[in-house]
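The two complexes that follow have subunit A in common; it is paired with subunit B in the first and with subunit C in the second.
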Partner chain A sequence: MTVPCVLGVAQFPMRTRLPDYTYADLLGRIAYQAVEDSGVDPGDLDGLILSLPPTTTLGVDEAQYWGLAHLPGSRHVLGRVHAAAASGLQAFRLACAWVSAGRARRVLVVGADLADEVANLAGALGQLHDPFTERQVVRNAITSAAVQASAYMAAHKVTSLELASVVVKNRGNGVRNQYAQLRQAVTGQEVADSPLLSWPIRRLDCAPRSSGAAAILVGAEGTGRGGRRTVRAAGFGAFAGARMIGSRMVPGAQSYLDGADLAAAAAQAYAVAGIRDPRTEIGCAELYAAFGIIELLSIEALGLCPKGEAARRIADGEFHADAALPVNPSGGATCGNPLASTGLIRVIEATLQLWGEAGEKQVELRQPTVLVTAIAGAFQSHEVGVLAA
Partner chain B sequence: MNKTTAGHDAESGDFNFVEGEWEVHQRYVPSRALVEFFGGLKRKEILGSPVEGTGRIIVPPQDFCELSYRPTGPLVPVGPGGTIRSFTIVHSRFANGPPPPVTMVFVQFDGADTASPGYLQGTALQPGTELELIGARCRAVFVDAPQGDWRDFWFELETEV
Partner chain C sequence: MKGEVAILGAAARVGASVAADLESEVRSVVLDSLASSKLDLDDIDAVVTVASDTLDGVMVPIRAEVAGAFGKMPLNIPSSAGHALAAAVVLLESGQARHVLLAGWGAASKLAHHDSRSIQADPFHDRPAGAVPAQVAALQASELLDEFPDLPPHGITFADGAVALVLGSSEGHDAAVRIADAGTSSRGYYPEDDKVDPLRWVNEAMAKWRQQPAKPQVAVSGPGRTAEARAATAFTDATPSGPALLPSGSEAWFGPATALFQAFQLHQQLSRTGGEGVLIDMAGPMGQHVTCVRLAGGAA
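Coming up: the complex of A and B.
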């Protein structure tokens, strides 16, 4: 079995608006950058996967027909992944599977977003839920996260300021990330004083609305330009959660409130990667978290600290960039969250750390192993990956 | 995209956008279990689907259980009392929602193994007491003339928090 490796990466600076590009142009620009980064000839790709979540934000149905044909690898298209914010990591996992199985030697994964061309994301993404029941109440990503945050605060006696510690950490990290959309640090008090959207979630708790793009070339070891440490995809896990979030918030079945579905995905990834104690065997983590509560639940579900302790540990300095196990040294989705590429960006940031090419955001890796996640829907798609050098 | 219009910059006159709008009307067709469920609401009854072999009761009803992968059987009544499992107080205006602030709760009806969303009414929460809602007892209260719609009922606390 071939071990899939990251051969090349590229990401575009995340911004609210990228006015100089159409979707197709942005996709092409980032795709060719990643191939160039790998040193591979664009004609030598034999696979292409497009990360493309709901296209209502682009205002173009089936946008792959606009953006795909001119990309390297387009003679060997393997498919489009459509899983909201999990699309990028899911697409990367599938690309690795093709390489691993020997069905392709080099597969390009690419995604792009122009999020500000639609009047508001609530309208564009407002059709996510069951139209007969859940959509009859006021449900969106913010209210869904707020339901998790309320339960977490009650179960673990966590305060709003402790909850804000995630955003404070990530916004501080984002200052050092030249690709980040939000590069200003904030204090816990500023988070607590920002407008209340859905108690206890405030405006500064939320990821921004982002445009951006990212691409990764995956291939067998030795098929890139060389000169870099080999970054292997060491293991993956995936779990599809309940269709109704209320199905998983009762005693005995609480995965919506405690992250057990993500833990199930992590167990698969750890088993494949041979990780027995993630607290000591993981050097760094790039975790998808559009809201602070998602990062808290993720840290705990991934086994990086005991249940209910993540917020206080972050407030005490744990999981910061200079800690033993940094979480989101890039600033994470807190500082920029383009849906099609956010999962790819987690992999890119992990790879840059392992290559030692993360620049100002480079952290000292206790272990050459980085954890990546993506979560989408209302805590429904869960993707976990382990990258190792 | 049914309508598009070319746009020009107000000052320079340069072409710089195309304005468009989606026009998609949808008529969602319910499953038989949902037809029965909404029929129950018209009689002021909450119905759930029991999973064959395990007894798990899913509200609102589904044809299959996502935990055991087994089919569900004829619907059974649950509630109207229940326990709040989580909540949020929504401060944003939603096109399909009541004026903010509105308290959205997830309630596990008595006899059910899932929690269902709805609005909590008739309670003025004091700041700092919000989290006391979790675990609080409540009950479904119906409008006088239910139409067979999720909005036929709301929740009220059995005792104030």
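Coming up: the complex of A and C.
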């Protein structure tokens, strides 16, 4: 079976608004940049996959018809993948399957967002929840994170400042990321003093609303340009969660609060990649977290530290860029979160670290293995990938 | 994976209006397809969905639970049934899954409230100028009928429907319908060919097939009867009135998942008769996104 590898990558600087580009412009620019980065002839692609979450509410829809013309590989579109903010990683997994199955040598995955083209994201995010029950009780991404954060703080005696340590770490990392939307460091006190949205979630706890674009060319080993370390997709895992978050809150099944679903997805990925002890075998992690609490729950569910310890460990310097196991050295979604691209950006940042091409954000990898995650919905469905050089 | 990918079980419900109870229909076809495959939901590793979430107000990947996806490896491909079927095949061949449940549904009875196809055209230039699916499909049919007057007139009938297929290795399943070949071809909203002829796109999609089928059963799903009939002429035995052509997608169109019903029909037919079949899925107002799948009934 063919081992799928990352041949080329490209990402666009994330911004609140990108008024100088149409959606098709963004797709075209980023697609050709990724192919150029790979050294592959644009005419030598076998397929194209579009990462595009929901849609009318983001100002675009069904872009597989009007946004892909003339893109490399667009004469053989292999599908549009829509899994909310997990679309990018799910699309990357599908591209790897095409290559691994031997049905394609090279597949381009591309995604773009112009989130500023609609008044707000409430319509799109509202689609995450049941319209007849959960939406009536102001169930949204922020209130969901608030439930998780308050439960976490109570269960593990974590203070607001300790909770803020994730955002402080990521915003500090984002200063070194030329693609980040937010490039100013913040203090824990600034996070704690920022406007309250839904206790204990404050404005600076949240990922910004972002426009951006990203593309990855996936192919069989040896089908890209030479001179780079081979970055393999070593394993994937995924877990589709429940539609109604409350349906999983019965005693003994608190995956929404303890990350059991993510742990199940990770176990799958680790088994395929041959990872037994993630704490020592993972060199770095790029985890999708639109809120600080999600990163804490993810670090623990992925087995990178014991339950309830992530916040204090981050406050003590663990998981920082200069630590043994850096988490989100790019700043993560805290510093920019374009929904269609964010899963691809996690893979791109992981690949750049493995190639040694991450520039100012480059960290020292004790192991040539990087973990990536993405989440569809409010901690509802999980994608986990392991990349290895 | 040992053996070839095969459809191990299938079920479908298609009717004039089942939208009021669409979730029950989805659950029913999932359970029926599992029963016909003699597998249990616990045997399923991955669930692939194909549906348009603009019709129901809740994101399909989030509601995939109704299709039995909870705890499984999910993949949501709303662009077309053909794309989703091909994805299910590569998930199996790549080893990401051993058994895949492929479920698709749609409710064209809701089109009066919001026609999701209206947003397939460029929003900045084309939609304001009246680029809507019915007009675009009619222009294509007009061009085809000018050149090939024996083709049937354009037309499409809307329906609601839900379909589920169970896919896995053919090994140990002698009666399974194997997926022998698959290929895609695509164009943008404006195909930029000298003619908007779906036969050309079908031939492109089949160009890399390992083998051409002999006298296949053919099932086509496209934007209308004219385009479907033209696509089917890729197989000389499949004339619009010929016995080899199964009921088409335009006879009961329920969104991007429609061609799964044609796959279901081919599965039923080839399970009984053996032989070969071809599924042609043409998604889009002119059928711009083509997936062609060669199926084979009976033991390999």
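Everything that follows uses one rule, which is that the second predicted complex is superposed on the first by the 382 of 389 C-alpha atoms of A that agree within 3 Å, B and C clash if a C-alpha of one lies under 4 Å from a C-alpha of the other, contacts with A are read in each partner's own complex, and residues count from 1 in each chain.
Just so it is clear, contacts are C-beta pairs under 8 Å (C-beta built on N, C-alpha and C of every residue); 3 or more make two chains touch, one makes a residue touch a chain.
On a predicted model such as this, the values are computed, not experimentally measured, just so you know.
Q: Where does A:Ser198 make contact in the superposed view: on subunit B (first), on subunit C (second), on both, or on neither?
A: first
Q: By residue count, which of the two partners contacts subunit A more extensively, subunit B or subunit C?
A: Touching more residues of subunit A than the other partner does is C.
Q: Just to be sure I read the superposition right, which of the two partners does A:Ala310 touch: subunit B = first, subunit C = second, or both, or neither?
A: Touch status of A:Ala310: no partner.
Q: Quick one: is A:Asp61 in contact with subunit B, with subunit C, with both, or with neither? Answer first, second, both or neither.
A: Both partners, subunit B and subunit C.
Q: In the superposed arrangement, which partner chain does A:Thr22 touch: subunit B (first), subunit C (second), both, or neither?
A: The answer is second: A:Thr22 touches subunit C but not subunit B.
Q: Go through the superposed model and pick first if A:Val147 touches only subunit B, second if only subunit C, both, or neither.
A: Only subunit B is touched by A:Val147; subunit C is not.
Q: Of the partners subunit B and subunit C, which touch A:Ser100 in the superposed model: first, second, both, neither?
A: Second partner only, subunit C.
Q: Scan A:Ala242 for contacts with subunit B and subunit C and give back first, second, both or neither.
A: A:Ala242: touches subunit B and subunit C.
Q: Would you sort A:Val363 into first (subunit B), second (subunit C), both or neither based on which partner it touches?
A: A:Val363 sits against neither subunit B nor subunit C.
Q: Give me the intersection of subunit A's contacts with subunit B and its contacts with subunit C, in residue numbers.
A: After superposing on chain A, subunit A residues 56, 59-61, 130-131, 242-243 contact both subunit B and subunit C.
Q: Quick check on the complex: what are the subunit A residues that touch subunit C?
A: 1, 22, 24, 47-48, 50, 53-56, 59-62, 64-66, 68-70, 74-84, 86, 90, 93-94, 96-98, 100-103, 127-131, 236-243, 261, 264, 268, 376-377, 380-381
Q: Enumerate the contact residues on subunit B facing subunit A in the complex.
A: So the residues of subunit B in touch with subunit A come to 1, 20, 22, 26, 28, 30, 34, 38, 58-60, 62, 66-67, 85-92, 94, 96-97, 102, 104, 106, 108, 113-119, 130-131, 133-135, 149-151.
Q: Within their complex, state which residues of subunit A touch subunit B.
A: 56, 59-61, 130-140, 142-143, 146-151, 153-154, 195-201, 242-247, 249-250, 253, 257
Q: Quick one: which bits of subunit C touch subunit A in the complex? Just the residue numbers, please.
A: Result: residues 46-47, 53-54, 57-66, 69-80, 83-84, 86-87, 89-91, 93-96, 116-117, 119-124, 126, 182-190, 192, 204, 284-285, 288-289 of subunit C touch subunit A.
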